[in-house]
Amino acid sequence: MRPILDIQALYKSFGDAEVLKNINLKVGEGEMVFLIGPSGSGKSTLLRCCNRLEEPTSGAIWMDNTNLLAGDTDINRMRQRIGMVFQGFNLYPHMTAEQNVMLALRRVQGKSEAEAREIARRELDRMGLAERFGHYPSQLSGGQQQRVAIARSLALGPRVMLMDEPTSALDPELVGGVLEAMREMKAAGMTMLVVSHEMRFAREAADRVAFMQAGEIVEYGTPAELLAREGGRARAFLGGEH
Amino acid sequence: MDLSRLIEVYFNAGVAWTYLPDLLHGAWVTVSLSVLVIAAGLVLGLAMALLRLVLPRWGVEVMRLWVDCLRAVPPLAVILLLYFGLPSVGLSISAFWVIWITLTLILSAFAEEIFWAGLEAIPAGQWEAARSTGMTQRQTLADVVLPQAFKICVPQLTNRTIGITKNTALGTAIGMPELLNEAQTALSFSGNATPLIMAAIGYLIIFLPLMALAGYLERSMSWGKTA
Amino acid sequence: MNALIEQFFNLEVMAQAFPFLLKGLGVTILLTLLLTPLGLALGLALALGSSARHRGLRRAVRIWVNGFRGLPPLVLIIIVYSALPFLGLRTPPLMAVVIALWLNSSAYYCEILRAGLGSVPAGQMEAARATGLGRAQALRDVVLPQAVRNVLPDLASNTIELVKGTSLASIIGVSELLHMASNARSVVYNASPITLAALMYLAFLLPSVRLTGWLERRRRGA
């Protein structure tokens, strides 16, 4: 399988603290890869390096024959092909759901108002939010807000989605809707790199799982492989019910 | 003392009629000076707050000192300093522009502080969300961060703006013919207090609607929350 | 450049003017010490008035407060100083300034304290009353301390405005700091005394402005 995202020898330090050490990871087309591991192990940092919200110290991240970390890479152009979903949604509170989705379509992709609106409505509709176009974030539940945020990313037509704990700020009864949306994205062929503590969902839906510890990927494989590995730390993690 | 005497001295129609043109002229000066101060002060203040986003650490410290000094010094002291000091070094500026420069600088200092607090109050996640969709820093600022920051700023900003704009009345100290000055002149010519009462009413007519507008702006930006 | 220093930072002139300015500073401090408690007290009374049960009283207080907030303080000073005498009420300059700035500053203190009182949850008053405290006691011991803490930066900032406002007294000849400086300037034809006065204001008010900023940041952090 041809990798969409190819992370090679990636290092990242904050001052003296080395937070990512020699990360190598390939994410194939249509794959859903989970990053799991203890708190502080560097999962979020790795994800944020993949669209350069964090600047890595060294290494390479290849996507479509472009090294995202090269000095001459137009990162704003590449970011349209790399969607990101945040734990806290980060919707724009002063814009309606529809306007949230339309903003980058208009400003970054230069689409006309009408075209942007059509795309926004289509994506929100796909997320089950057809009734909510005109609602402000403050008028939506957490689960609805996160689905607006997903629609905002998908609308730009990304090749890969980065998701950092997309359900952990949600009340338990709202988690299902967002996981369902992720399942549908995968079924539609979207490539996804996901940090999550939803282990049941990881076991069932992930193609590969990377287990991180202290800034390194220490175990990597399909959920079944990791679960079968005697004495592996990932096994205890992945087998857990949280 | 009886009512007719009160009316005679403070609400004298004849005096009012005689000096109305002068007072209207003064009001016009006050309003136009105010508009110029508000426009320049707010623009300069915003520009300084934005500059602070990219300034190195020592630059920020210099700017903070400048801003805090302008917030600490009485406007009248600056006005007198510029008005009486500058001509001796070969710079003659009319009273109107001395007031304008002083109040613009002072308003910009207060505005910078308020805008900056507003910018700081926007969570980093807002920047990150916009940047992750490929928007540039400038686009993020214009479309995502500033609209939210403005909302936070409005109450303080309008209060300060109105408070500082009222200092246009200080023009009278250096003989600039604004509303208060015209009223004082009229008072000494007529020997009657009516012009001063008219000036007070004039100021209320100018500033009370501004205060009401401030309250309205505050209420009108609630973005779906019932305010 | 030399002309600039000669005109604005003439040390000799400053040294000459310093004793006079010091006297003026005394008056400025006196005005501040007088007006701050007066302003706070009337401001609090007005703030309580604006939440009174009696509707007419509430209205009257709002009109009073907005009226005095809508007028430039200098206009108030001039009215008290030169319009009241027409009634046969001679107001000496110092008294005119105190009255005018009192009316002005209390209106602003009122708005601040009103916001402070509004920021204390109604449950606090109810809880205090439920333990048997009277309304006045509950207000003094429970509600007011919290209200003041919540608006402390604004009270501080308004007090700075009040101190700066005392400089307006110079216009009607009260011999406070700026007036002394202004007089000295007209005698020596040099702006340095005013520079010195500005520096003396800064010596007191710059630390206060910094303190206010710190209080403000602390409130935002909380």
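Letters A, B and C mark the chains in the order given here, with residues in each chain numbered from 1 onward.
Quick note on the criterion: contacts are C-beta pairs under 8 Å (C-beta built on N, C-alpha and C of every residue); 3 or more make two chains touch, one makes a residue touch a chain.
Please read these numbers as outputs of a predicted model, since none were measured by experiment.
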Chain separated most widely from chain A, comparing mean CA positions: C
Chain centroid nearest the full-protein CA centroid: B
Approximate Å spacing (C-alpha centroids) for the pair chain B, chain C: 18
Rounded Å distance, chain A centre to chain C centre (Cα mean): 55
Distance between chain centroids, defined by C-alpha means - chain A, chain B (Å): 47
Residue ranges of chain A in contact with chain B within the complex: 51, 53, 76-80, 82-84, 86, 88, 90-94, 103-104, 107-108, 135-139, 149, 152-153, 156
For the chain C and chain B complex, residues of the former touching the latter: 3-4, 7-8, 66-67, 69-75, 78-79, 82-83, 86-88, 160-161, 164-165, 167-168, 170-171, 178, 181-182, 185, 189-191, 194-195, 197-198, 201-202, 205-206, 208-210, 213, 216, 220
Contact set on chain B toward chain A in their complex: 123, 125-126, 128-136, 139, 143-144, 147-148, 151, 221, 223-225
Touching residues on chain B, where the partner in the complex is chain C: 1, 6, 9-10, 68-69, 71-78, 80-81, 84-85, 88-90, 113, 117, 121, 163, 166-170, 172-173, 180, 183-184, 187, 192-193, 196-197, 199-200, 203-204, 207-208, 211
